[in-house]
Amino acid sequence: MSQAEADDSVAWAAAQEANTRNNRRARLARVGLPFLLFVLLIAGWHFLVVINEIPAYILPGPGTVLTTLIKDWPILSQSMINTLAITGLALVVATLGGVGLAILFSQSRLVEYSLFPYAVVLQVTPVVAVFPLINIYVENTVAKLLICAWIIAFFPILSNTTLGLNSADRNLHNLFALYGASRWQTLRHLQLPAAMPYFLGGLRIAGGLSLVGAVVAEFVAGTAGFGSGLAFRIIEAGYRLNIPRMFAAIILISVAGIMIYLVLSLVSHLILRKWHESALDREK
Amino acid sequence: MSQAEADDSVAWAAAQEANTRNNRRARLARVGLPFLLFVLLIAGWHFLVVINEIPAYILPGPGTVLTTLIKDWPILSQSMINTLAITGLALVVATLGGVGLAILFSQSRLVEYSLFPYAVVLQVTPVVAVFPLINIYVENTVAKLLICAWIIAFFPILSNTTLGLNSADRNLHNLFALYGASRWQTLRHLQLPAAMPYFLGGLRIAGGLSLVGAVVAEFVAGTAGFGSGLAFRIIEAGYRLNIPRMFAAIILISVAGIMIYLVLSLVSHLILRKWHESALDREK
Amino acid sequence: MIRTAAASADRASESAVALRGVTKTFPGGVTAVRHVDLDVRQGEFLSLLGPSGCGKSTVLRMVAGLASPSSGQILHPHDAKARDVGFVFQEPTLMPWASAFSNVWLPLRLKGVSKRAAEARVMSALEGVGLADFAHSYPRELSGGMRMRVSLARALVTEPSLLLLDEPFAALDEITRFKLNNDLLELWQRHGFTVVFVTHSVFESVYLSSRIAVMAARPGRILRTLSIDEPYPRQDAFRTSEAYAGFCRETSDALAQAMAADAVA
Amino acid sequence: MIRTAAASADRASESAVALRGVTKTFPGGVTAVRHVDLDVRQGEFLSLLGPSGCGKSTVLRMVAGLASPSSGQILHPHDAKARDVGFVFQEPTLMPWASAFSNVWLPLRLKGVSKRAAEARVMSALEGVGLADFAHSYPRELSGGMRMRVSLARALVTEPSLLLLDEPFAALDEITRFKLNNDLLELWQRHGFTVVFVTHSVFESVYLSSRIAVMAARPGRILRTLSIDEPYPRQDAFRTSEAYAGFCRETSDALAQAMAADAVA
Amino acid sequence: QEQVSFGTNWLPQAEHGGYYQAVADGTYEDCGLEVTILPGGPQVNNRALLLAGKIQFHMGGNLIQAFSAIEQDIPLKVVAAHFQKEPQVLMTHPDQGLDTWESLKDIKLLMGDNGFQSYYQWMIAAYGFSADQREPYTFNPAPFVANPRVGQQGYVTSEPYAIEQVGGFVPNIFLLADYGFDTYATTVEVMTETIEENPEAVQCFVDGSAIGWTNYLYGDPSAGDELILAANPEMTPEQLAFSREKMREYGIVDSGDSLELGIGAMTEERYNSFYEKMVDAGVVPDGLDVDSSYTLEFVNKGVGLDLRKSLTGE
């Protein structure tokens, strides 16, 4: 190693260290502040309940909910697993369906104009209203749940991916045309990578919606033969006025939603950090 | 006008004409093909019903639904207006809320990390489950409906706009920094325009969701004192086993959804056509 | 020494592409070029020289078939499909999500060449533009000139039969530029492909071209065509020769005339 | 006639910006510049000259405060906030959603100048770069060189006290370029602002600058600093003078040396 | 053994006890049916499955929907009515001066969609209640417990127990049947096609259910309760006991005609009088062929009367 290179290493190491220090502080803030806010909110909730003497059957305090969560953990955790299973499947199906349709639509404006309305119809049709039809023609409970959840979750992926596929740079399109790229090659090497940021944005929306879809599907379709999920717990607990348990279930749904969002954000960051503005550090 | 300019005009006019011809054919295809597909689908539906002798109380044929639609138009149209009113309001509120939050989040990663989880919580919380709480603390029916619809519709706008605000070109950011632009100026003149394509994508998703939200809100919250919307008609018709009317109402919801989507697409096209890839013509 | 193109029109060289009375008017109403007649001959090194905004890029894009004329014709005597073209855009136009290597690999990849099979050629193309060390860098991590060089490597890696270059060296320092000028000429002589080269540099166009089309703006048109009758191979010595200075003066005058034409048009 | 900068260091001119032992290493591990010492003196016209990828843009960004050094210091004797800077990036960096007019208006707009109040200045800036007719065009509708000129107009419209230019003329033909060279010099003399000018053209740097910092690559560093002791105003005649040729030769040698240094580093 | 399904209108509970009891005891199997009970729920619509022929038997809430089916030309018939009295109640808080039927007009009433579409329409027409009073009930009684000035719907056999457990008070109860809403409830609906093609199965189901109910009410309900508890883990033995007790106390299942004709009994007079009442109230249109909405072919045969006698000793 030459002197110059050694110097560089030192400078680099120093910079690294400064960075690490900054990063550590930033990371501390990143974890610390949200945590502080969280604690404040919980405390606020607690005192709201205590000061206004709100009874547990209207709005249980955080302590009550936590106790219930621990006490009912065996039941609730099993329900959460069931709900998460449907959510995961729904997200996979929504992704495949959404991206598949988007690719189809991107092949020609005509296809897009012809089919997009039906995608919109699927998006806006109230699941509750069409469920009886699904129920008549579909036997399998899991399939029923999946269809419901899919109807709810696929649209953001479809819409965002379509937008992304249409947003690839015109000059790059020209370049591909010049090199005689096939449709498939243009899609694979140009449009799909260019659509990534949009697709991942849609995925983050769809992650939450899959969960919503799994819950709504369960509300609507029941879970006979599959094992009851969190929606069932909520209905049942609400009916029994076991409101602390209802809140415990709602909180589990929230936690699941946040976890899904974080995982998808991480995936998104890892995919985009090399090149897309939205994933680059803001520092210089 | 010089000879050269006159020539140009001729060339330009010829090009125009060729364009117009192309455009006319393209426009014909754009309208014709979707229409053809629509007719085919309706015919398919009709024959499906006729050939399998599906009774009207399971799946009414298109003719039956159309007759019902015309016969019940006075009732249904009024309900549609009520639903659209809530939808419109919800979309406005979702847009304001979504964009407002996105702007807040874009001001600092810290704020984003601290608050985004709660946005996710709102997105995933089942409206049905938290409605009793809303019902206890909110008096006004319209406000109740709006809150429900907003919870359902705001997230795509928030998520996409946040992504868009973070996707502005780094060098332009640098330029703004150099010129000492305030946060507000950077937002107003750089981030918001750069976020437009993303925001409009989110808006198109939220348009449908607002409608879904309005319908779900009505399912959950009822419409006492406001006038019944399409959801009420669906429930009522379902209860009365008046399945053709139920389908007529569902079809009105679909039509409303498509109309909302078309209007938002048009708005999007008008705003972006000058500069964004997704709105440019594909031709050379 | 300089003859106008008309004098050499009876030369029996075949056309690679021919523009006949081509006019291009953009939707906004701007006429980028009007009534352009241009024969790109098989195997020649043709430069398009002209002031900024005179329609050089537009002509080049039409030659490539990336834009279609509003009126007039573009003739491709050879099967347009069979032609393989290399194109360097005025902007680097790299895929931001791919490394320099992958960007250069792209044209080969589209022809079905695997990464392993392409590796040697891609690396030698990158070597040729002095970027072998940066094969794994993303475009965002490269300087402006480096990006342009990646774009050049991408155009050269397929050894195309028609090479269209839109100011490929504008962002480069003179020494790199001279080196790349020579490399390009050498390739051209070895493989005998056709080059259409857009530039705003008189010196560069004279050094490189067998023919120069001087364009004027508003509306864009070809004002004059000059043949540079200096035998190849040309080497650095040519740059300091009397002949070179003469050609440059002549070309400069033509360009000045084009600019003046602008003013009155 | 050429003196190294060291000889003139005792000149009492104030620094506008000073770099002290500045090293910039990017997260990937590439060291763009190392141990750079540079004084940008108040009111001078300083060119950064060097091969592609040697760190010119990086230095310029650090001078502007757009990047921070990994080690070393950047000193701003004057209140950094009060400074008003004009910057031309290597790419046009225009807002794609705004017309040429609005793009040029931007810096004024950010200072609170209304459209009406700004109109005269914006139009004269556009006029200065020959684009008055294209005020309402969107960047997408402009040629590469025209975009760069809009960017230049935007930097000049505020009449800044520190002007940082990153190869502003690379995409322009010689005639437009010469004209803009002269316009820039004239402005500089009239307003007495400080210019840091990145270029890869020896000729341009000699014609314009009062001082040239020649950089070498890998790692980027300043190899030599040359003063061009030719009085201003310089006019086109200077381009053909003996002195000019001498400076150019000297500078070329320095650059060649820089490139050679590269090879051994 | 023939396999058939019976779709209920709610989660498994004591109000479905007779059917579960019949399944548990093998009563249906004795006459050749293997019955699967398909629970309903707040948003579940099992009637659609009946219409589509996916299930053979469906539990109807009250007779209004049976009338609607006639109105819509749907070939559906009621073959038995297992609740002689509609157990639907309205509840109010005690000590609020809300002790009379008339006083219910002054407050908001939490009510589900079904209730709003059926008996509330009758309350509006017959007693002058107003549509504006209705607030949606999402099967979560918290809003009722929280606000002493609202009323809420319920089943006399269920909600009062839950309210008492959690709210700590015994609500006032207004049994709709006492105020003239004398519909049959918990009916068995069958498609006409099934009646024509497989009358044996229908007869078996009706008879088996009558015996099941007799056993559940007057014998040892533990076998039926066990099935219910297994199918609905949230159900408690206490709640089951309470519901069963109330069904007996109010004679929900077994009173009036059924004492003579057997559980499930229906009469033409009752159908006609209820229909008239609903027509007068404007809830259903005049001129329907009410007779085609039900058939007495399978009931009123005194099935289970002996069993009851042997169980109760009366």
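All chains are identified by letter, namely A, B, C, D and E, in their written order; residue positions are counted from 1 within each chain.
Definition applied: contacts are C-beta pairs under 8 Å (C-beta built on N, C-alpha and C of every residue); 3 or more make two chains touch, one makes a residue touch a chain.
It should be emphasised that the depicted structure is a prediction, and the values quoted were computed from it without experimental measurement.
Here the chain-to-chain distance from chain D to chain E, counted in touching steps, is 2.
Contact with both chain A and chain E is made by B. If you tally contacting C-beta pairs for each pair of chains, A-B comes out on top.
Separating the centre of chain B from that of chain E, both taken as means of CA atoms, is a distance of 42 Å.
Centre-to-centre, using mean CA coordinates, chain C is 28 Å away from chain D. Mean C-alpha positions place chain C and chain E at a centre distance of 86 Å.
For this pair, chain A with chain D, the centres built from the Cα atoms lie 47 Å apart.
Residues of chain D in contact with two or more other chains: 66, 91. Those residues of chain E in touch with two or more other chains are numbered 45, 48, 52, 138, 140, 142, 146.
For chain A, residues touching at least two other chains, in rising order: 58, 128, 132-133, 136, 169, 219, 238, 246, 276.
By the touch criterion stated above, chain A contacts chain E in their complex at residues 55, 57-58, 75, 128, 131-133, 135-136, 219-222, 224, 228, 235-243, 246. Remark: chain A residues 169, 171-172, 174-181, 185, 189-190, 193-194, 196, 274-276 touch chain C in the complex.
Across the complex, chain B is touched by residues 45, 47-48, 51-52, 65, 68-69, 71-74, 113-114, 117-118, 131-136, 138, 140, 142-143, 146-147 of chain E. Interface of chain C with chain D (complex): residues 26, 28, 30, 49-53, 56-57, 90-91, 137, 141-146, 149, 166-167, 170-177, 200-202, 252, 255-256, 259. Listed in rising order, the residues of chain C touching chain A in the complex are 61, 64-66, 81, 84-85, 87, 89, 91, 93, 95-98, 106-107, 109-111, 138-140, 158.
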